[in-house]
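You will see two complexes here that share subunit A, one where it goes with subunit B and one where it goes with subunit C.
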Partner chain A sequence: MIPACPLAALPRGEAYRLDVEPPIALFHTEDGEIYAIDDTCTHQDASLADGWLEGCEVECPLHASRFDLRTGRVDAPPAKLPVRTHRVVVEDGTVYVVPSEEPPNLPPGIRAGTA
Partner chain B sequence: MRSIAVVGASLAGLSAARALRGQGFEGRLTLIGTESHRPYDRPPLSKEFLAGRMSEADLALEADDEDLGAEWRLGATATGLDPSDRRVLLDDGTSVRADGIVVATGASARTLPGGGGLGGVHTLRSLDDARALRSDLVKGRRLVVIGAGFIGAEVASTARDLGLDVTVVETAPTPFAGALGAEMGAVVASLHGDHGVRLICGVGVRGLLGAGRGLAGTDRADGVQRSEGAGRVDGASGPEGVDRVEGARAPEGVDRVEGARAPEGADRVEGALLDDDRILPADVVLVGIGARPNVEWLAGAGFQLTNGVVCDAGGATGVPGVVAVGDCAAWFDPAMGYHHRVEHWTGALRRPAAAAVTLLSGGATAPDPPSSPYFWSDQYGMKIQFVGHARPGDTVTVEEGDVADRSFLAVYRRQDRPVAVLSLNQVRLFTRWRRRLDAVPNRTDSTLRSEL
Partner chain C sequence: MSTRSLPPSVISTLPGGYYTDEGVFASEQARIFESMWFCVVRSSDLGKPGAFRTVQVGRESVLVTRARNGSIRAFLNVCRHRGARICTEESGEVKRAFQCPYHAWTYDLEGKLIAAPNLTKMPDIDRVEFGLVNVHVREWLGYVWVCLADEPPSFEADVTGEVVTRLGDGDLIKNYDIENLEVGRRIVYDVKANWKLIIENFMECYHCATIHPELTEVLPEFADGYAAQSFVGHGAEFGEEIQGFTVDGSEGVDRIQGVSEDQDRRYYAITIKPQVFINLVPDHVIIHRMFPLAADRTIVECDWLFRKDVVEGGKDLGPSVELFHRVNVQDFDACERCQPAMNSRAYAGGGVLVPSEHHIGAFHDWVLEKLG
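And now, the complex of A and B:
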């Protein structure tokens, strides 16, 4: 379990990027839920924490694929693969992440380690 | 409607097929594509794919398990359309009849007359183009890019990264002026100089020089007919680039270069001859002077063809049961009040959904208002993003960051109303502006700013 940020640093409607390898994005939805997914779009190197949060979906800031924060699934091209989801724990005003043990779907370039 | 043929199997055609199935069309669906490849993503062809960071498999637009229940006719080129029974004629002598037709035949790269017979001269539009260019981008070679539009700039960036010596030539005084305005066009174009790429503006290319003809330019220049406007190329556009205004570009101009015709055979290009008699030595040349819509095959079939297939705001053409999408289509734009082609990737992704509604409803359902046109470009490791329409006379204000730092967001305003946004390496802030620009096109600027 990794400490990510103070809960106060993640207001509703906002995102927080956790600089682990690979990076993880945390989202606090307008409904008050907190979700964690891989930060890097599975299509190309873009930070989903920079994307547009709407309901339980985030839209990639570059090419507009949308990922479901609950399942990691992508709804529209150009991305084809889901992002991983990570379990979130909030304790004593701190947001923690339990990283997934699945292999990540990183985009080409990142995957090859050449970006 | 029991059968639909989609002519064109790239992003717009595939998106149309998906939209038709998504909207409940269960009839016979045929996709016709000139290229033998399954649908692939073109933007990386000048960037990650050209750089070797993406494979051909990575370019695939279809998911592994995707099945549209369609019949694919790949490697077949549409040569005509018979409107009497909506029959698409193919170059293999067969034809496909359908109750509805989606025209999605895209655009082709404009070429420089005289370059065709020379080795090392490229355009970049297709996967095959990209493969050929990639094999020519060898470290230490000299690359001349003709046209400083988005394709040219991206290839220059990629080639520089691969260790080539790169020069970009642009006829216009300022690159990107049409898309970004002169002020910001100059800012984005200055990225070339930042990274050791020479940029020569305000000079046309008269022709290309081939092996065995020498580079002194004297004998070549003697053979060149010099006429005003001939040989001028306009590079301020690219597939992800620019909205076209009808009549703004005259391809006729470049067709009149006579003396610069290249020798046939395996001769390689050795240089580019400029209008001011300068010669740029070159081992490789990339011609990035825009694209023309692939609509010749529709001639005589009742369509209005004016720089693309003229369509209404929902994609309907003048021929019943035929809609058009993507780079070949000039939709009516309610925000601008005229028809124009949009060569943006996002247009090819989103508009087919509206066109599918039009086709399936017989035009009875009005389309949603279009979202603001958006495009991006990656150059020299920078994320360049633009949304909206810029026009001459708009005021441009840097709202965040600093132009000198190559990290900023600039807002274009017309009568104090924000109409477009450009950003370099300001992805997060740009996303907010983009959504706001879409959501509240008629609000005042002060309202908009207070919400950001």
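And now, the complex of A and C:
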């Protein structure tokens, strides 16, 4: 379990990018839920924490593929593969993440180490 | 300038080359259009956040939009990455951000860089510093004015001051409540003439009796050739039989509430250098914005503004719009008739201004001073 940020640093409607390898994005939805997914879009190296949070989905800021924060699934191309989801624990005002042990679906440039 | 000797009745215009020379036009772009306040769009054209328009100001394409907080923003329409034009459409609406179509650098409605491929691998890229280049913005009379200069000149001296100079009082224009009027009609004219010919034409009325029969019918004093702009505070009076500022002198629409008895049945014209004309009549306001694109080409956007209830009530604006539309076409035809001759040997030293046009000499002096 990794400490990510104080709960106070993640108001509703906002995102927080956790600089681990690979990076993780935390989202606090308007409904008050907190979700964690891989921060990097599976299509091209873009930060989903910079994207647009709407309900339980985040839209990639570059090419508009949308990822479901609950399942990691993507709705439409250009991204084709899902992002991983990570378990979130909030304890004593701190947000923690339990990173998934699945292999990540990083975009081609990142996998090849050229980005 | 020409050193030819002229009889005392006339003074010289600018030499013909000032209307055709690319070097002169480039100087005007830099020293006039990119240095002064420039009226670009009606605020209501940007109805909600993300609505945008692109306009040409001097040599620059400028992107004007409304940000999330409702304020108007304007940027140079150039991606900070490799220089691609961000928006190529004249108008449109983005949902949340402007995105360069080349490498997808993405900017929020305030111009800040918010996303780009591999951006998180470049933490030293400051997102404001690499945001779109902001230009200065003011709103006045319901229009957005921009200034591309680093240090803009005084808006009060250069813009609102021109109205005071012309009307003799800065409050008189407030009676027309221009910012709350609604665009009843907009016509865009593509005029194959130098912008200065259009200004000079607007400043004088020596031509009125010849090319503006309908206007001269409504404003008989225009037949004398002395423009409404010659005398401070003077508004040309409607003819006795005239009921309204319409193409046939028929009754217009409901008068703007604040217009005073002194202003009723009169026409006032104001030139705000370098590219705006304001025309005030009791029941509507006509505003021209010029966009000089080349030495021999100027786009003119003309708005006819009426009371909101008049526009929403579906009243027939046709006779009101038709009068000044005809005036515009008559004027722009005349300017297009002059433009090809600006290169003629016959006009190399320029033409002359008769006494009722002598005030145009002050405009020429102003241009020459700006060009240094």
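Methods note: the second predicted complex is superposed on the first by the 115 of 115 C-alpha atoms of A that agree within 3 Å, B and C clash if a C-alpha of one lies under 4 Å from a C-alpha of the other, contacts with A are read in each partner's own complex, and residues count from 1 in each chain.
Going forward, a residue touches a chain if its C-beta (ideal position, glycine included) is under 8 Å from a C-beta of that chain, and two chains touch if they have at least 3 such contacts.
Keep in mind that this is a model prediction, so the values were computed, not measured.
In the superposition on chain A, contact of A:P23 is made with subunit C only, not with subunit B. Contacts of A:P108 after superposition: subunit B is touched, whereas subunit C is not reached. Look at A:P78: by the touch rule set out above, it reaches subunit B but stays clear of subunit C. Within the superposed three-chain arrangement, the count of touched residues of subunit A is higher for B, of the candidates subunit B and subunit C.
In the superposed model, A:G51 lies in contact with both subunit B and subunit C.
Across the superposed pair, subunit B and subunit C both touch subunit A at residues 44, 46-47, 50-52, 61-63, 109, 115. Taken in their complex, subunit C has these residues touching subunit A: 96-97, 99, 104, 106, 114-121. Contacts from subunit A toward subunit C in the complex involve residues 17, 23, 39, 44-47, 50-52, 61-63, 109, 115.
Chain contact summary for the complex, subunit B toward subunit A: residues 11, 15, 41, 44, 48, 53-55, 58, 60-64, 345-346, 349, 376, 383, 385, 427-428, 430-432, 435.
Interface residues of subunit A facing subunit B in the complex, by the touch rule stated above, are 44, 46-47, 49-52, 59, 61-64, 76-78, 80, 108-109, 112, 114-115.
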